[in-house]
Amino acid sequence: MTLFLYAIIGVILAPFAGVLVVGLDRILTAKFQSRIGPPLLQPLYDICKLWGKKPMIAHRFQPLCVYIYLAAAMVSVGMFFAQSDLLLIFFVQAVGAIFFVIGALLVPSPFSQAGGNRELIQILTYEPLIILVLAGIYLYTGSFKIDAIYALDKPLLINLPLLFIVFGYALTIKLKKSPFDISASHHAHQELVRGVLTEYSGKMLALIEMAHLYETILILGLCSLFWTTSIWGMALLLVITYLLEIIIDNICARMSFRWMLKSVWTTGIVLSAINLIWLYSGARI
Amino acid sequence: MSKTIIPFGPQHPVLPEPIHVSLTVEDEIVTEAVPAFGYVHRGLEKLAEKKDFNQMIQVVERVCGICSMIHAMCYCEGLETLMNVEVPRRAKLLRVIWSELHRIHSHLLWLGLYADAFGFESVFMQFWKIRERIMDINEATAGNRVIVSVNQVGGVRRDLSPSQLKWILDEITVVEKEMKSMESTMLNDYTVKKRTVGIGVLTREMAYELGASGPVLRASGIAQDMRQLKYEAFDELDFEPVVEQDGDCYARGVIRFRETMQSIDIVRQAISRLPQGDTFVKVKGKPEGEIVTRVEQPRGECLYYIKANKTKFLDRLRIRTPTFANIPPLAAMLPGIELADVPVVILSIDPCISCTER
Amino acid sequence: MFENLITTLTFCPLVAALACYFLRGERLRSALVIVTGIVLILSAVLLIGSAPVSMTPALFTSVKFKTFIQSADFLLLGLILYFGIKFKNRIIIGLSLLQVIILGYFEFFMTAGTHEAPVGIFCDHLSLIMVLIISIAGSLIVLYALPYMKNHEKHLKLKKSRQPRFFALLFLFIGAMNAMVLVNDMMLFYFFFEITTLCSFLLIGHDKTEESKRNSLTALWINSLGGATLLIGIVLIYTQLHTLDIQSIISQVQGKDILLIPLALLCIAGFTKAAQMPFQKWLLGAMVAPTPTSALLHSSTMVKAGVYLLIRFAPAFAGTSLSTLVAVCGAFTFLSAAALAIGQSNGKKVLAYSTISNLGLIIACVGINTHASLTAAIILLIFHAVSKALLFLCMGSIEQHIGSRDIEDMRGLFGEMPITALVITLGILTMILPPFGMLIGKWMAIESASGNLLVILMLALGSALTVVYWARWAGILMGSDFSGKSTPEKMPLFSKIPLFTLLSSAILLGFLTPIIYSSMILPDFSGLVAAPFSIHNGIIFNNQGSFAVYPLFFIAIVVFLFALFLSRPKKAAQQVSPYMSGIQGKQPGSFVGPMNKVTTYTQSNYYLSAFFGEEKLSNLVNMTAGILILILIGVSF
Amino acid sequence: MPGMIKNVLKNFISKSATRPYPIEVRPGFKDARGELTNQMSKCTLCTLCAKKCPTQCITVLRKELTWEVDPFTCVYCGICVDVCPQNCLSHSTEHKKPARTKTKLILKQEKPPAPEEIIKTDEKPVVPEKIDPGHDYH
Amino acid sequence: MLKKLIEKSQIKSPWIVHYDCGSCNGCDIETLACLTPLYDVERFGVLNIGNPKHADVLLVTGTVNHRNKKVLKNIYDQMSDPKLIIAIGACGLSGGIFKEAYNVVGGVDKVIPVDVYVPGCPAKPEAIIDGVVEGLAKLGELQQQNKTDAIAS
Amino acid sequence: MILDTLHLTKETLREEVEKMKSKGYRFVTITCLEIDEDFVELLYHFDKDLELIHYRMQVAKGTTMPSVSTIFFAAFLVENEIYDQFGIKFDDLVLDFGGTLYLDEDEEEVTSTPFCRYSVKRK
């Protein structure tokens, strides 16, 4: 029951935390570009404004896909806070991702179709990596459950450093940061206009932004699992990781999806294989 | 397998200007690209029948805002030749200074947009930050940031005071320094190279045959620069056309980066050689005859054909702008590249559609 | 009771087959098909609860029966040989001759009266599940075939209906399958195995086109290869253990390394039947047959025979290097078939590759060979059969309606065939999304595979690839013109019943997974210290993880209904044409392109032929798989 | 990438380059061509500016004694200022502010200037002597 | 409360889409310059979103000609309410120096209603910022008016 | 001041242009101007090593000209433009916009030739 309560609290608080994280992200990005940047609560304003717009839809089933996307993101965050099975959380999150793509593929619009296909390739790129990371966690803790990680006396990061880097790839793709802002970028200057998001507007877009906030929190949550032994360590890890994400976002050009698929798969698989072999060998630091 | 047709433009965030390209792609590889125009066509050449040849200066300045000064310079030069006017030396050098400042700001602008085309937002921000210094120079010396309106038939409308010249020198030194700090990113960065090297290759032969001009031509290894014609004061200024051999997007980027540095150098030379004297001569009479003048714009060779008939309205004004010449090479470059590279390749010719369509 | 049911399940189809073949009236045949289908389904359902049973019916002990089987065996091989000679296929001739020689030697010189007769029938829960799948899915498919074949022949403009032969073969096939999963005698197993081979050959070649002839021959030689390895395996096992009783073989074999070779040969036989790499070619070729054939033989039942063989013998090679290699082979098939599926725009081929891929996953689970992974294998087996049969049937309807199997031609199918589009989309979703059964299986598979580096690597990559080819298909099906309007669809009753039954069972059985697990799978692992999974409040869990089936189903239903309610066509929401860079035409989905031409926007998905093209990957995959098979045999020595 | 890291970090630690425009308004350059105004007391309504204007945005009605400019058509080229024989036209250094409706600037002359005030000039347009940028830009 | 928040947000988060409707690029680059570090309109929450379906503010530069007037109308139609249209530069306001050219229709207001006119040739970035601020002020006034209307009725 | 030009006729056009190409000249552009009610003048500009060579030819309005875009691809744009503005049609264009390069069919301009003071109807 307490776990259920945690889940509810997590689901309620996550968007607010997400607003702060994304707001901070935008300010820091601006700072890195020698600008001042928007107010901290800008993501909140954006969502509220979108919510207030007159509804316009491009396809009848779009709202269905959006609501399921949001719900999947919420459920996965809830399950994360309820310390459920990591693999299951990942699967539930994938439901959202798939409906997101389906929503984009519904409309006969060139940009959203191409965006949908690219989003699929992004999913294709990061899914195996996340499964491998989870397999690594399983090998180390003997379980896929989050509470098993909390039961550890040493941070996960020490024995899974390479898998953390692999997770970093997945993180960057999932957060749509350069060099992987391929299916939809945060700003318009992209060949696909806004890719998967092109055909959504108003309320639908607001819901998608909400789901993004949930996903951001989920991903940061997963990231925090790599240092569970002290709250400061966790905070430090999160701050450094996110800061690195923003810096990478600012020092990379956008790459093509072919490059992404090839290079991320090769590096990701090699890195995780090395780390997994290390874990199989039974060696532990 | 059915194809995907992507209507690229006219309203498209990566294209700063309305041009439409119907892209047929398969797995994001472009198999066919058909351009469409007419979204900016205003019929400026025709305005020569309604506005007298002096007012036309303001019109040709607005053929394209980014190289407005050079358009007007080319136009004025043509009329001056037709009317047998000898422009004072100081005016010629001042024209060189402003035109090279325009080239710097145009190239900086382009470098930013180009970086944005491959999704490098922070580089875009950096170049546009640097560029603001040039814009300030324009505003302080000529009164407007973009369309400086300094040309008139017979000379220039503004003069530069010694203190201004010193300030310009200081500013361009800062610009040069900041450019240097961007050099490693623009020329050596892994991700930038990955997105530009070997993309949109235009061989030397193709470039020549398809009539490419300006940086596009020079990036393919042909050292042709209209400034070699020694118009205005270029006879006494020291410069060599910047040439690259590879003919890909990267080479075109390098060309423009190096040309920016070169232009800074030319501005310095021009300032150091600036003589005292008048900035314009009074012009009487009406032009007569026909002439072709060519100048080098940031985007390449610009050709003006002027036919006058001794009235205050010109008989015919024909403008062949650099982008007009670079569209056929672009059409040849597009098939075979990835969709993601389309903006990069389109931008690599530095398209100026308002020039093209006038 | 049990015996009667078993007799019904095996002989009733046989009788129906004969009746179908000789009774030429269409009405009569329809009635016959319907009645047989109902009888089969009913008896299969009634069988639940009987397991486990092992018994020897009186018939089995009679000498006549033995002689009958022997001669039928030779007749079968003779038929195959005949087809080999008729179509001048040397491989088939060679393989069938080889089998005749071995079988002759075995029957007349080795076994002549020296061994005790094995227990005839063994029906544990695994067999029961197989029987249920075969009888229910099979009957539904045969029902579906009624309107389908009528349409099909109308389309082909046949003078003389060839439906009697078709339905006879279908029923013969169902009967053979039912018998095969129930018998406990290796030789009987081999006999039924060969019947399915022959049936598939005849069914694939049903349309008698050049292509179908060629492909049916491919199927025949590959499956004959499987038959031959199976037979050699049986002979080798017999030389060591002197028994043909499957159960006693399994219990005796454990821990005897010397028997790894015959087991490896059995595995290869299973691989050929389950169309694993590099034996996948026949299954792809089989898609030329009418859709009910594809659905019955090649997605939900026939290929399952191979998998059944492997699951059955899994305990025999548990913990050996052979087992690990089986896992690797399976995982490799899972990965490579999924990759090949991405490069396909032919819907039936995508289905075929996905079948191969999913069977690979099941076999990988078998190879991992823990109780948890075997549970995963069985759950995957069940749900794959249901969902895949559904998808094939939908595909058949679509193909007959739009005249194409290309996925690209199915864009906006919702506008034309709303019901079918909805059903196939849901079917696809049951393949890839939690909380449906396939995902429960996949979850178990990944959790149990995490202990094997190579396997988990390939599973991780493969499952991502799977999502891609399904999701893009689902996405384009529901798209229609932007108003989402659709014309009502007319569908024959016997197309509707199988579709909806399969769809609802795909969803409902997913919900019932915990019950299926505890009542149908767990009992097979009797005598365990700890069950691989426990169940509490509809949550399947063990020490390694948990899958909240009921809660997720609950959430999924609530969310789906809520989302459906919110997305009903509202008057308030203004509909807006798609973004076309500002030049959209008056017709939605068109734009005014160069030369002021109104261009209709067309789109195709990405098939990434540079990465996943068939011609690019096939050779590499076949070679790698071939090497893996060689290693598999190698480690058994 | 390393080059950009340096750049980005430098930006991070230094003050941002942003001019906080509406909050802090930078004084215009002395010579900027901002809003066009006419010092009507000096104007002779000679219509030269209207004739030379390339956009015909200036209308001079001698009867009504008005001089009007359409600031929403004006291209701020400064030709009129250059040609004005009275030097009564000038650009302010501030740009013309945006508006919700397009209105013309209509200036009315109280009384026509006395004939002796009209100076027939042929002198060249005044080019400002010294232009000092006057303030730090960045 | 939520309504109040939405109204406040509408003023705090104007996303822009920019359409170059046949301008000489002068106004375009000045519009882009607004986004760059020296002017940084993101301070006001402005994002160049590039897609009319997402945008609240349409910035139009340049003269309207016979071909692009259809494009302009299309973009306008795809924006959802509440929306602001800001015309930038002499050409966008009235056709400017080109108003006599044969292929020029005139200002943007000949095709779609314009909320704010930003003069200049080209309009300075400061002027464009002023324009957006003015537009948002107009939006705020409209919200007030709607409220009083609602109370009155 | 009048440009030095070489003379050209409709018949010799393609031949001359081929010759220029083989000599290594680059196509620059074509200029079209109206002479009087019935005739327009076409100026072909070629360039080699910064030196321009002009060809001049008079054509009656409404004539169909052979296109040089098959020899110099770069010519397709300007030939389309001339058809838009002067009504001179070019045969065998590599990419024929058919008078819609700049102008729309539903507008009056398309049927007339805006750059001719004595306007003719375009076909």
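When the chains are written out, they are named A, B, C, D, E and F in that same order, and each has its own residue count from 1.
Keep this in mind: a residue touches a chain if its C-beta (ideal position, glycine included) is under 8 Å from a C-beta of that chain, and two chains touch if they have at least 3 such contacts.
Given the structure is predicted, the values throughout are model-derived calculations rather than measurements.
Considering the contact criterion stated above, the chains in touch with chain A and with chain F alike are B, C, E. Common neighbours of chain B and chain F (chains touching each): C, E. Distance from chain C peaks, on a Cα-centroid basis, for D.
Averaging the CA coordinates per chain and comparing them to the mean over all protein CA atoms picks out A as nearest.
Per-chain Cα centroids separate chain B from chain C by 65 Å. Centroids of chain A and chain B (each the mean of its C-alpha atoms) stand 43 Å apart.
Centroids built from CA atoms put chain E at 34 Å from chain A.
Rounded to a whole number, the gap between the C-alpha centres of chain C and chain D is 81 angstrom.
Chain contacts: chain E has residues 17, 19, 36-38, 40, 43, 48, 50-53, 67, 71, 75, 78, 80, 96-97, 102-103, 121, 124 touching two or more partner chains. In chain C, the positions touching at least two other chains are 574, 576-577, 579-583, 594-595, 601, 603, 606, 608, 610. Residues of chain D found to touch two or more other chains are 1, 4, 8, 16-18, 20, 54-55, 75-77. Listed by label, the pairs of touching chains are A-B, A-C, A-D, A-E, B-C, B-D, B-E, B-F, C-E, C-F, D-E, E-F. Residues 10-13, 16-18, 38-44, 46-47, 50-51, 58-59, 62-66, 68, 109, 112-113, 124-125, 128-129, 132, 135, 144-147, 352, 354 of chain B are the ones that touch chain E when the two sit in their complex. On the chain A side of its complex with chain C, the touching residues are 54-64, 67-68, 71, 75, 84-88, 91-92, 94-95, 98, 101-102, 104-114, 116-118, 120-121, 123-125, 127-129, 131-132, 134-135, 138-139, 142-145, 193, 198-199, 201, 258, 261, 265, 269, 272-273, 276-277, 280. On the side of chain E, the complex with chain A involves touching residues 2-3, 5-10, 12-13, 15, 17, 36-37, 40, 42-45, 47-51, 53-54, 56, 78, 80-82.
Across the complex, chain D is touched by residues 30-36, 247, 250-252 of chain A. Note for the complex: chain C touches chain B at residues 345, 408, 580-583, 591, 593-595, 599, 601-604, 606-610.
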